[in-house]
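Letters A, B, C and D mark the chains in the order given here, with residues in each chain numbered from 1 onward.
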């Protein structure tokens, strides 16, 4: 039940880290959308391991194969299935944890929930699953682009290094100019340094990704349970290692007075705008036409190269030390994942909203 | 589509603030559960307006009527419908906003999305809708209690007054001893003072509610999209005025190293535990048997008694001043709502988990 | 889970025959639809007991109360909740079956599935639940009417009395001219006589209702699992006492050759038509713009006034004799129910289809 | 939206007839089920074309590849994805219909609904899609077998040749002894002769498949909309070429009196049984422990080798003549498909029922 998200633009992902393939079925993409396969591949390469010195050195060949739903380069309205074969599988790297629970991993909970688990590379709990999300998100982005909606994300915090500027003070074109994906070059350099140093210390560190959607029309989001930010929040919290989400003023807004926080309506030519945007572009759960922005908090990666205490599946105390190739900080590669999940939620709500009025 | 939440323990709410009634249909409650109507009424009275000097003085008669699904005091497995009649409706209090958009309210987005709106008391966007959630949540709590799961919530921040102790350092029995629902008496008094002062200044202020689930068995939560904390996050973010959610170490965990943050497994007698709990009781999206705890950030209430600039539905500039009776701070009354949404998510995942293994 | 039907135009029904009320929540009705309450009441009166000598003489006061989702006579896009209070409840009529399983009723299966049951009047399994469907179906009809879609149903068989003419040979205006709702007066009279005679013999008899949808645009229905006739079939088979469904040529088409059965395309002015319509207006699961027609088979009502062998809930042999007031034949009152379910399925598919292409 | 069926045991199929592959994702299969790949392959070979002189001579290599969800031969609780590569694709056979609407096919409705279509071999509307259902159904069968539930289907009518015996008078072991899959050898021979003769006449003919589920426990099926036979009906009506479904006494029961039709309860040792079974093993939408049986009506295959009148996509009159290799009668190959859909529905309801009572 848990491998599907979306109501009208709906995706189902499948696949384990070290099985034959991972993949996704996208059901509900309207017919007539030009499917730019190069764009999909490019999005996947932004997520893929081994892209820089501050990401895992593991190599994954993320070549997507479209199995269905596209005819002569255009979506047909039938499900689009995409698979990505697994390769460079050093399953042996995982033999040492076949019977051990890695701290703060999903080993123990999967074992208890299912009575068994595919321990190789974390199996289904591996972040490799997010490649399927990125592939599907690329198609959602293509759909949204047709509707004038653009999605961006960038790293706004690594450890205690905080990007102090807000998105409107930044040149978002600079996001991809550096390997940490922070649009402020100075801050980016400090972040890179911190990650590199953490990696050398055989440790890991957390960070924050800021997400942004521009050009969203008024009306997306459903009242009550499927509020736009509630669905965005769920989508973000479903990404591996995410521990928090806030939108607009978020946790900081807690300290504000209503008189400061309220976004007053005004007009810019014929367009209704708000003179501030503490709402984060969403009011009553529904987009109000202003920029949507939110933060996603990632914990430090659980796999560390230091020895830790743990238990094996029989309940005996054991020592666990990370092996293989892992990210010292997940946020640089999380940027395209945050974008993909944003695109999936917005595409779904775009289709849902079409039926709001007669 | 947006008025339903849950897959197996599924609720659908309905009703506007100033219509004849609000209500909820609970579908999927197993047969054989004793339905304690006094408990439901008590939960509603914890949410209801007018309960203290720091909440709105509006009176609502929150008397629930069970229309179906209960026979001789026991659930029958068929849908349980509960309605609460609206009364004390001063609809006239809202005539002045029939054609005006209140800043940071849902007026503008509803009007644009639907082409019309029931403006009386905010209609469907009114926090009165949460009474239906609390009624349903009470039944979820009764179900969870049978399974040994207990849910608590309390106010941990108002404006910049922060409750510095963690839940394990507090006596949770003290939550209901004061009107702000903070289990630390000193902090509670300072919070009450701040709210009272804010109210006198015709303003409002935000706050944070901490939620807690104790006794949750290992295995609740589904991998990938329906991770337990993703569903909790969505449920919380769907509550009016919520702008943020984090679980376990949350936003603070961002600054930690993996070596500090990892929760190492150990044994307490025969029970597997973790020696720290930065994970917040959830690993890989699945409960690990430790306490689940999370924070929910509420913005300051949008209705203030001060004059603000805005537009009317024709796009003309207008002045808006709040009338009627409103909360200066939403968190004291939000405590039972956070508990209710927690119970609904856990009840649903409890039922979902039963089919995990053969 | 079972009390909801529809994806975008979605209804949830609740209520037991002898509880306080039955009702329905309609979620997904677009805003801006004029809600004609007289029409809803009229549809309910077509279903209600006691309307003629060939229906049950039980009286039910089917007065619908709209609790939400309608403001100033127009749908607001929020859930429309309608309740119908139960009255004239002769619960005592059912005391004799509190511990007995009536043959071919749901008593035994409910008792086993749920461990208990509300035995009064069949509880949730009572056909009274269909009043909620008719109320919701009335709103779906109002929506479809705006789109030029008309729905009709009539009795085409009672026992072995078959209406030999097809719908195109009949004057459908005559359906409501007689109490059995068969548009051919001669056949209607024979049907009425048979039902009356059956009733006098303290027995019951089955029948067939033919359903019809005219003016359905091309494109409704989704390929693969949610084919238009698959969803119509499920909706019909979910009505109490229904044992069969076929569409177009149906069971008779089995004996035909492809060369006879194929509907050849042609043009009528600029409109694409088929020169025959064995497909019943649906090809590949999708409406083709021709009339949609189908049959719904109802078994004889299970409650008979004759003594029958059965068991009690302890497994002891008992005698059961029907009491109270029951229909000798269900089809005259089933006509509006078949129409309602047809309207609900078409309204849902109408909304679903809007997103088929970019 | 239409490519998914099931709530807890949920499948999503994808793929076009002449694309790279078709496939299915099974989400919700409990962990710990032994996955017998040979059994899956065998089920697929019962469906596959070219298996006898009375089926299409087209060859399809139905080799399933399991991509995920199975570890060391056992289900892990994560989604099981299976793909089947397409081969022997004579796409050129379809060039002549790229711009023509074949009568009683899905060409016209797909073209109108989606604005374009993959015309090769019918694309998504091809019966090749059912191979994905059979693969998933095989896994559902393995699950049901663990629970003592057995599923069978056989051909009970071809054209006007009717198998007069009921399932209880037949030796079901004989189903697979002949190429038409009718357990009565004499009738089977007459059916084979009729199909062969029809094929030689370049025509096609319809037929009926009877489905059967034995050993179903009491309690499967949900009241109201998701009645067990309503879900079975939908599942069957979603199979290509199906025009009708009835359960138990079905359309014939219409002519019966209640006193004949009612199934009286009795005991066989300690087991509660009914002395007749006109209900078809389902009462009030819930299985009663008796055998479940139903009929599925298939129209004659639309592709015939005779010339027919039609239109092209520009609305011009054209002649269409079937080419390629097609079935003269679909029922022999439909038997495993009916079984698969039965298994999928029962597996889903088996899991749903587990939560009926506390």
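Keep this in mind: contacts are C-beta pairs under 8 Å (C-beta built on N, C-alpha and C of every residue); 3 or more make two chains touch, one makes a residue touch a chain.
Bear in mind the structure is a predicted one, so any value in this text is a computation, not a measurement.
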Inquiry  = Starting from the defined contact criterion, work out which chains touch chain C and chain D both, please.
reply    = A, B
Ask   = Considering B-D alongside A-D, which chain pair is linked by more C-beta pairs in contact?
value = A-D
Key: Approximate Å spacing (C-alpha centroids) for the pair chain A, chain B   = 26
Remark   = Per the C-alpha centroid definition, the whole-Å distance linking chain A and chain D comes out as 39
Key: Centre distance in Å when chain B and chain D are each reduced to the mean of their C-alpha atoms   = 46
Inquiry  = Can you pull out the residues of chain C that are in contact with at least two other chains?
reply    = 1-4, 7-8, 13, 28, 31-32, 77-78, 113-115, 124, 223, 356-357
Remark   = Among line, ring, star, complete and other, the chain contact graph is complete
Residue ranges of chain A in contact with chain D within the complex = 1-4, 8, 10, 12-16, 19-23, 25, 27-28, 31-32, 65-69, 71, 74, 76-81, 83, 113-118, 123-124
Query = Mind pulling up the chain C residues that touch chain A in the complex?
reply = 7-8, 28, 30-33, 77-78, 143, 146, 223, 351, 354-358
Task = Write out the stretch or stretches of chain C touching chain D in their complex.
result = 1-5, 7, 13, 101, 103-106, 108-110, 112-115, 124-125, 129, 157, 159-160, 198, 203-208, 218-219, 221-227, 229-231, 233-235, 237-238, 243-251, 253-267, 270, 272, 274-275, 278-280, 283-288, 295, 297-304, 306, 308-311, 315, 317, 352-353, 356-357
